[in-house]
């Protein structure tokens, strides 16, 4: 069963074609990696999924909902969560608050004038948030402000913020960018553990080590077009991919 | 605040549990006091009384306010028998004795109106509620004066207007507890009439620039009525935003409008700016319709004339009083003010000084501080020797009627203070109008 | 038609003042990231440079007016006139243009002291705090000026030779009697020259290039090992000079008082924002645009159509422009949007 | 937030309520215990609390809140003129209209953020002010300000047969005239309610969302939250607070002037909030009290009162001393205010509340040191009384 279908998506920026007739299908429950050299259009594509950008033409359909022209919060509310390349968190709030906010957003919808009850009285929300913090190993830091975390911890926090919403589709934009090898491995482990929850994931990644450790399917993007798609083993040997990456990343 | 005077058991009040109750009880205490007294801020057996002087100390009129304050301080000195007595010696009739008012020493408090109605009322309320003033006074803007005057009525404390020129002050917004010695826009128009006719003839085309608020409108209307009676045409009357700064966009249309007189219904900084700029545009030297183009500034003040510098020369306008007047009262006032502060008083200072003396005199006449009686003493009071010749506080609208000075910017001043030259002293009869002209209701004596 | 020309001139003139103040404001935004509510005060200080020089030049021998008793009244004869006769009078007459020479070093010094002494500690603070501290500073500066010069406006006339109006009607073949004050024309030209100098300086000098690069991307320039900080300090000084010069030259048009800066402050912020944060051409364009629109809106014909339009035109235009163009006319993304 | 338990909040709230209700007592030594100033403390406290709901929580800096204050005032005076001298409809209508006005302006302005938002609100407020001063004079009575007259219809009062006697009527609540201390207590109760509601909002999930807007609006929208209606709600609520404050100004003093809407008035509430401590519950009230105190008390000193105050000093010392002080009081009170702004913001980045917190912390540390308690409990103690407990915005 496919969860996300991308059909004939085009996107240009002042004449410059960033996406050229992209087609993509993501299977439910799978980890789908999108790789490609710099400027291939990976981030542009991801931005078309979450409502930051609107494709010029083409359709993006998620579980029967068209995502084209939707606002980011609407797309999130149908079950799409996103981890950013540089962690987007609520820097001056505490960790527990950081995780409670997405929990509340899932419970109350995109807007609720919930101004009378106390937020510290929302037992279930707090418990769920604490549980998630435990999952990512940040439980002991829950009362610190998020800005005080290391970069790796920030990313794990952001992951917790996404996971607490029980998304159906999780988009990860270079989840290990700028991490040490040890941190990278820890993140891979974490992502694998999450995999057990059956959340579909789309991963954009440069690090092929990460890609081949996680992905079930890989799409290769070059100059705004999908030039190859298949299982990791297939992609490894594909000459077109080799060529696209010539002088690029390590295969 | 004299809260503790009320013999509440202080120890009990301070007990934590009683704090809340005591706080709630306070209004009751205050009310009981209120019933007990005959009128607000009755000095009773106290040896002194307090007056409140509420003037602009910050903002554009700060210098004028400082001048007013000096005049008030001088008046208090004279009332208490200190100094040379100033106009107390020339005022006729006078019941003042130079031993304070009704034998009580006069003290005063000051406040800053910021030339804002809200700030002025807040400051006045402090004087009334905290400092217990019997009368308050001050001015520089009509809106602020009217706001304070209506407060006076609500609180039952007399307000003696300082500088306020709008017809409304003693017209539609007149109050029983408010009194104005200063002249008004209507009088300016009336007084200017004959002089304008004499100097510029009856075939003139006038262009008005008017500050876009109530004072500006009343002045424009008054001047327009006068000039149109003379046979002048009004080419246009354009409203300008208060504090516009640059008036060029309003002045350029004047150039080729066919007008030959520009009337600037501006005061204060607006007047300084619009006049300076109008002169820059060559309006003073211009010829139109075969005549010399003329500029008229209906309300002049010497302090503001300083700001306009050379540009004021030859410009006609009116003023309530000028220090160069040679009558006995003016001389006495200029002498004591000049000796005290080293420079001559402004018209704002003069009116404030006079108002203070008039209030004190009315108390002496009434033999009490009880406001309704003081008001009655002031109403219809006729006096002389205060610099404006015979003057009457008209009972029906609390407006002083006296002669009005038409002045001209001095072409050849003999000193830094010699900015305005009196052209004509227009007698009271020419500027008088029926009290019903502007409507308005004074309200009750007892509040 | 003539009326139109005159209104355009009025608008350009006003616009010149707006543009000069806004230029400095946006330079400071763009480089230091500081919301400078004391910028109006810099304009005011410039104006008072002219006042000070005039007072200095007109130091006078006082000839007592004997007809006045009770206090001392003097006819004042400036020493310069006594010593140098007509040359002295001429120097006094040229007090305002001469004070440009005084204003440049004084304003630069004030700018540098202000930046080093206070502003530099507020780079990383919130905009709200920057507003509070610079607003406080503006009040303090105003009050100091008030205590020295009083609250009344001080007349500061233009030199006699340009005090009157130019017959531009004859010059440009317009109708008869179309005149415009010389000084206003000078002001317009002056503001254009100052704007041109600032732009040329930023465009063609290495210093300017570094500053522009710093405005675009501060971190990167910092990484290049360039001491961007010291340059920004100088930029603040330049902004102070520009505001000060605008003030000096405006004095014959608007006799200055201590409060004059506050009146320009809000308006110049609107100009900067309408032009787009961090955009120098934007600030200049918006300055002239709003000046001209304000002049047109004040025309009787327009006011008859929409009463009170001249009271609100600037704000109305600001609203419309900001709704149509999210970052003003020429603003860059992400500047001061947080 | 983690330290603010329901119990500590209740305690804090009661403390606040008691402090407000006993204000006539403890302000007496400062010369501030007279009705008008106390009313102003309460009213501008409400204004600043409301402003803080927008600015302190969401970070949206509005420079046009005075417009809502003005609308509240005008509406209240019109209610006195047309309906009844009771403050209840005046306050309700004042809040309602200010809220509607805020909804309209907020809807447009919130399409932009940062300084662009600030300038949009400023522009709307300045337009309101300029128009109220001139062409809207039939509604606002322009420069003179909207006042009561004896001939006003007062339909509701007429219907109920309430007779106001000769002269101008005074607003009255079931027979209690809204002047002097009763009027203060009316405002004080409003302040306490306003404070309580602000506390509820700050502690609620809604308040958390507002703080999230401040923190990272981008993340919030990718978290499924529609940020604009949240910000708009905060804007309208704070507009209604301003409307409440404005109508209370009219209740205690039934006159409404256009200058209430000027940008300087909008700036004043910004200054109050930052001075006291943006994002804190108590800070804005403190800021309002300090600024109003300076405005009314410092401006009232003159040389005579200064001399009277320092007449215990020998003459050679008193004169220069008074001369020096007179620069800062009377007509120099602006200078003092300007210096205060600078000093507070330079040394106390979080406003006056930060000063209070630091003092409290230092005192606690000293006490702990004396009792030999372990140091690392610090601000995380469970007493619920740590200074942090009161500052949702930290």
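A, B, C and D are the chain letters, set down in written order, and residue numbers restart from 1 in every chain.
Going forward, contacts are C-beta pairs under 8 Å (C-beta built on N, C-alpha and C of every residue); 3 or more make two chains touch, one makes a residue touch a chain.
On a predicted model such as this, the values are computed, not experimentally measured, just so you know.
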Partner chains that chain A and chain B have in common: D
Most distant chain from chain B by Cα centroid: A
Whole-Å separation of chain centres (CA-atom averages), chain A against chain C: 51
Whole-Å gap between the CA centroids of chain B and chain C: 35
Distance between the centres, which are taken as Cα means, of chain D and chain A, whole angstrom: 44
Overlap residues in chain D, where contacts from two or more other chains coincide: 130, 133-134, 334
Residue list for chain B, restricted to those that touch at least two other chains: 62, 66, 212, 239, 241
Set of all touching chain pairs, with the criterion as stated earlier: A-D, B-C, B-D, C-D
Footprint of chain D on chain B - complex, ascending: 1, 3-4, 13, 19-20, 22-24, 26-27, 30-31, 34, 57-58, 62, 65-66, 69, 73, 108-112, 116-119, 121-123, 125-126, 129-130, 141-143, 146-147, 150-151, 153-154, 168, 173, 212-215, 239, 241-242, 441, 443-444, 447
Chain D-touching residues of chain C, taken from the complex the two chains share: 35, 118, 121, 125, 127-129, 131-133, 135-140, 142-144, 147, 266, 269-270, 273-274, 277, 307-308, 311-312, 315-316, 318-319, 322-323, 326-328, 336-338
Sites on chain C touched by chain B in the complex: 2-3, 6-7, 9-11, 13-14, 17, 65, 67-76, 146, 150-155, 157-158, 163-165, 175, 177-181, 183-184, 252-255, 257, 259, 263, 294-295, 298-300, 303, 310-311
Chain D residues within the chain A interface of the complex: 1-2, 4-6, 200-201, 203-209, 211-212, 214-216, 218-227, 229-230, 233, 380
For the chain B and chain C complex, residues of the former touching the latter: 59-63, 66, 212, 236, 238-241, 243, 245-246, 248-250, 252-253, 255-256, 269, 272-273, 276-277, 280-282, 285, 303-304, 306-311, 334-335, 337-339, 341-344, 413-418
